[in-house]
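You will see subunit A twice below: alongside subunit B first, and alongside subunit C after that.
Entry: the complex of A and B
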């Protein structure tokens, strides 16, 4: 068989993405039809920039989800076909017909003879899964600490701000290396840090619900028990690992095991991002606490957590949503950086950072194994930034 | 006049301005005509959203991206402004037409010294030399009566007080000796006594420089004091235009009439002659009714006639350039007496509910913010020996300008702060030392507050009903959600809002409606004492009356004690039973409304009374303008707090005012004044406000 020409490659790639195109068109048609009723999300469809950004982001989200169900991928991301080592894009796979494989490596093969296209698709799932979740954790920590710092001010604020500055001043790369050094892992520090950082969402949920419903104990008590029970179990499953330093619950109750590499990724992302979130939330809280509705809540004797979480936080959501989008972008790049340094994720992981690092070594001879994940990373982060821009612009208009 | 032109300075003819949003075109100004003659001051009056500021921006040709002039013309000295190039416009702005905005701090560049900002004007517009420009700046700063002009020129905007900043903005506008000065609510952000001085200054300078003025304001009294002619706007249209005396005394449009009836002029009384609020709401720009915009709210509305087609301006025969946009102006009997609203009995004050005794609140402020308490600290005396009693179903007004300590007092009463000394007795229980967390639910529910800013008083991300229900929850009222919901709907009925509003978000409500929700929330726990902190000052005149009446009505029903904090003496005179005047943390005068509004006065009360603009041509006011600004509470003057601005100071022998804080003296039955003046001087005081015989 002959190798594919560039035109054929593009056509085949586009065809391969068919489910993504269908989903995107559906999503946009439905959103456009109901945009007046969808609040800020609907307003996004008035801004071309915002729409482009949203389309790019959703493209990768759909790709990641369908990729996870093996829909778009053409080959197994880990299987090696020795003849395909470093082959350029569009090279036919020998003996594909007999084995029922897809007949081409659309974006060529990497230096371990794996399909670059499929690895890119699989890699997007890693990013789409981890980046928003890790950012969400960072926000929880930042909000839980930023609100009291801004609301109470004084010594607490000085102390927390100093801590935030301290973390921000710490060299990030050094921190990552420290976290994965075997000696440090053996002391259990990453696990203890995870134990500490991941408790924040639980504290957050508990305070949020209790402050709102403490006047109605009949609703509050079962609600809290339920929510905290589920969250607590998830939390324990997350941090506890048979054989590691933190081993609290027995193996059979452990719902899932997060590989310690991913845990390190989470910890570092939260660690790096939460001080910045803390500062934003603190500033917003300082501004909003002077409003009359906060005074009204104070004069009817509301607790401070109710005021912070139900009076201040909802009204700070605009800037926070925009920042959330931007920060997912940073996190994506951070994941790339971590992967590039071979930290966190296992070496055979198809995530973009790791694949860029793998491709780097032969970059001068074979460009494609590195350029494909690099462009993917670029388009996703660009999409997130455009989306944030669009949201910011539209939230200012009325 | 810079050139030989001798027609009207500004001629706006059938001007229409629209804003284009992504949904629709929103007409902001329609068929608007006005002419400003040389040396004339024309007032533009109307409620918020009526398009008065849009007219000003149209004159400046500064409508932004979305705004466009869709019809008519604006001629400045005979030249149509819309035909000028950007460069020609730049030449005119600042040198021929100058504008003064509401917020002085926002009009000055905070990073540039005052002198430099002023000198820019002649340097840019007339290419004057630095020296010439400095001379001119010095002269103008002297003209706006700022003390020590050289020092002022050398300071940054934040080093000046609000009143001084606004004077600098005026000075900047006058630097180029413009032919037209546009003032957009120039004194709204200032205190009353400072406002009076600034208005006085504007009037004087207008005469001195022969500048024509377009004065935009929502305050009829202020326009009466400053302008020669006036134009009343309603919902994007001019509804009445004419000279001050014609419009004030021979109004020819139902809206103008309704407006005058809804403001508390001397003579109005909450029991015998209540205000007449304008029914309904201001129409949204894209929901204007057909025909007359005021039709749906008008008493004289005639179906089939007032709601058909466009209504033009008609000239009123016999008067000088007096015109009205009313089809029926010749049929309406304008002199018919006001049909008096429902009269009510004056409520009898019950027993004492709240008693303050020698309340003191001091703050310690660290002189050095960075290194905390190690440096020296300064004591700010926010409240000094506050003593008064408030009875059931009584309205006690607390009057004073910014920094007088009224907000601190409210905070201490609510329990957000604790008192430094003295006592607050609520039903003979001491609460001065109990912070709000330590108070029981009953006490908290008993003392509630209505806030000033309607746009800030409700949480923007919670439905109206939910917010009221939250207050009910906190006060432990109702056993189930359904019960609380029922009670919340009743509260909406109480404040006369439709029950459908329960599921609305605050942004869907107008200012007046939000304020009603705020009142409903305050009364959720059947409050017995309600502190109303300027509850209507941010509302439009026509809405003010309705909200005030609502407060009074609820008070009558619930026998509430109302502590009404305000700086607006007209509304205080209208609704309060007793008045307490505060200045720099001191109570300077306390008495019944009649006692406080009649001599003998405390010198500060006297100045305050004179400063409040009254929209009635029959009222003759004694003219008292206070010098300078209110001293900072951080650094109060020695002796009597008011001595720096007092015009009676020379009458007290021996410089006593500068040495000693005057004692609280009892003049007549319960009337207290804190002043050193002798009995004879008090007896000689003349009333400030006199209503001329009709």
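Entry: the complex of A and C
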């Protein structure tokens, strides 16, 4: 068989992405039809930049999800076909027909003769899984600590700000090198940090619900028990791991196992991101607490946590949503950095940072193994930045 | 003002102490020490051999004692091993044990000894910092003017086509981390596959003699990432200034547009970017680590990776002291500069 020409490669790649195109078109048509009823999300479709960004982001989200179900990938991301080592894009796979494999390596083979295209798809799943969730956790930590720091000020603020500046003064890569090594994992420090950091969402949910409904105990008590029960179980399954340092619940009650490498990466990314979120939330809280509606709530005799979570926080949502998008992009960059230095994730992991690191050694001769994940990462982060820009523009309009 | 600087310096010292203690704690955890012993001694050491190796070199003392010795507030250890040779923190090759000083810590100007490079840590940091300083200087030369020009051009007519185009460029560069832009730049300009071969893909030779061919790509890679951010800040502040009353007055008086931009708007628009540029230093430090690894330029960032990868405790501590000081000093300068540039704000 002859190698594919560039036109054929593009056509085949586009065809391979068919489920993603269908989902994107469906999503956009539905959103456009109902955009007046969808609030800020709907308004996003008034701005071209926002729409481009959203399309890029959703492209990778769909790719990641379908890739996880083996829909788009053409080959197994770990299997090696020795004849395909460092072959250029569009090279036919020898003997593919007999073994029922996809007949081409669309984006070529890497240094270990694995399919670059499939690894790119699988790599997007790593990012789509970790980045938004890690950012969400960082926001929970930042909000739970930042609101009281900004609202009360004084000693508490001085202390928390000092801690935040302390972490921010650390060079990120040094921190990663100190936290994400097998030796440190063996001491269990990341597990203890996870135990500490992951408790914040529970605290946040508890205070949020309690401050709102504490006047109605008959609604509040069952609600709190239900929510905290579910969250608590998730929390325990997340942090507890049979055979690691933190092992609190027996294996059969453990809902899911997070591989320790992923957990360490997750914890360190949350740890690095939360001080910045803390500073943003603190600044917003200091600004908003001087508004009239906060004074009105204080005169009404509302509790301090009610004011913080139900008066200040909703009014700070605009900048926070924008920052959330930007921060997912930044988290993606951080994940790539970790992969680039070979920290945390296993060496055969298909995530983009690791693949770029593998590919860069032979970059002078073979471009495709490093360029493909590099451009993927670039497009995802660019999409998130454009989305944030569109959201900022639209939220400023009213 | 004096009091402000004094207070900030105090906070700076406390922060540096806390940070170095954290680094000290993490690098001195037993699994890390075990790894150090095995890489320095040999990989097939038994548990007891590792323990005695560490004992002989003072690694098993209490954490606070070791930290005090590193700081120079406690006398350095002197340990006589079973075979009779004397080891001490302050005893180096060429110095007799009797003549060695009692205190040798950071306060005495002794940065300790690097186990990876077999050299004094202070010397390594000095030479490496010099190399990185050269890199940073050219990054600044390239980044700051181009970012400011980009921002001012985009911000002077908000919403125009130039603005849209330049803003897109700025967003794209902020979305491109160094390891992505570096890989793309090498692929396009230095690889034999594309065939342009305008520049070199490594900057190792730039350590002795830097020229355009071997130094431009690393400089450009770092500059690109920071440039977009500064340009966007400049654009925002320029756009804000251009809507101010005094600009409208100047227009109504009939001052020409270039004159308005250069004489009236520019000075006020550059206050915000100044602080941003100063606060970019810590981020640039990250970029430096990535770019020096990617281009194999053996500067400060490369040293950080080597020290961290091999658990070289004293070198790592030295590196963190320097980077913490860089971060905190730039924060201080940015605060002070902000006050000087903007008379409406006072620190007290």
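Everything below uses one rule, namely that the second predicted complex is superposed on the first by the 396 of 398 C-alpha atoms of A that agree within 3 Å, B and C clash if a C-alpha of one lies under 4 Å from a C-alpha of the other, contacts with A are read in each partner's own complex, and residues count from 1 in each chain.
Everything below uses one rule, namely that contacts are C-beta pairs under 8 Å (C-beta built on N, C-alpha and C of every residue); 3 or more make two chains touch, one makes a residue touch a chain.
The structure presented is a predicted model; accordingly, all values stated were derived computationally and were not measured.
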Message: Touch test for A:5: subunit B only (first), subunit C only (second), both, or neither?
response: neither
Query: In the superposed arrangement, does A:340 touch subunit B (first), subunit C (second), both or neither?
result: second
Query: Given the superposition on chain A, which partner contacts more residues in subunit A: subunit B or subunit C?
result: C
- request: Pick one for A:215: touches subunit B only (first), subunit C only (second), both, or neither.
  value: first
Task: Answer with first, second, both or neither: which of subunit B and subunit C does A:364 touch in the superposed model?
output: second
Task: For A:170, decide between first (touching subunit B), second (touching subunit C), both and neither.
output: second
Message: A:79 in the overlay: touching subunit B, subunit C, both, or neither? Say first, second, both or neither.
response: neither
- prompt: Does the superposition put A:18 against subunit B (first), subunit C (second), both, or neither?
  reply: neither
Field: subunit B and subunit C footprints on subunit A, overlapping residues
entry: none
Task: Please name which positions on subunit A make contact with subunit B in the complex.
output: 46, 215-216, 291-293, 295-302, 310-311, 314-315, 317
Message: Which stretch or stretches of subunit C touch subunit A in the complex?
response: 11, 15, 18-19, 23, 26-27, 29-32, 34-35, 171-172, 174-177, 179-180, 183-184, 186-187, 190-194, 201, 282, 285-286, 289-290, 293-294, 301, 304-305, 308-309, 311, 316, 319-320, 323-324, 327-328
Message: Under the definition above, what is the set of subunit B residues touching subunit A in their complex?
response: 22, 414-416, 436-437, 439, 441, 444-445, 447-449, 451-453, 456-462, 471, 473-476, 518, 521, 525
Message: Under the definition above, what is the set of subunit A residues touching subunit C in their complex?
response: 162, 165-166, 168-174, 177-179, 181, 183-184, 186-187, 189, 329, 333, 336-337, 340-341, 353, 356-357, 359-360, 363-367, 370-371, 374-375, 377-378, 381-382, 384-386, 389
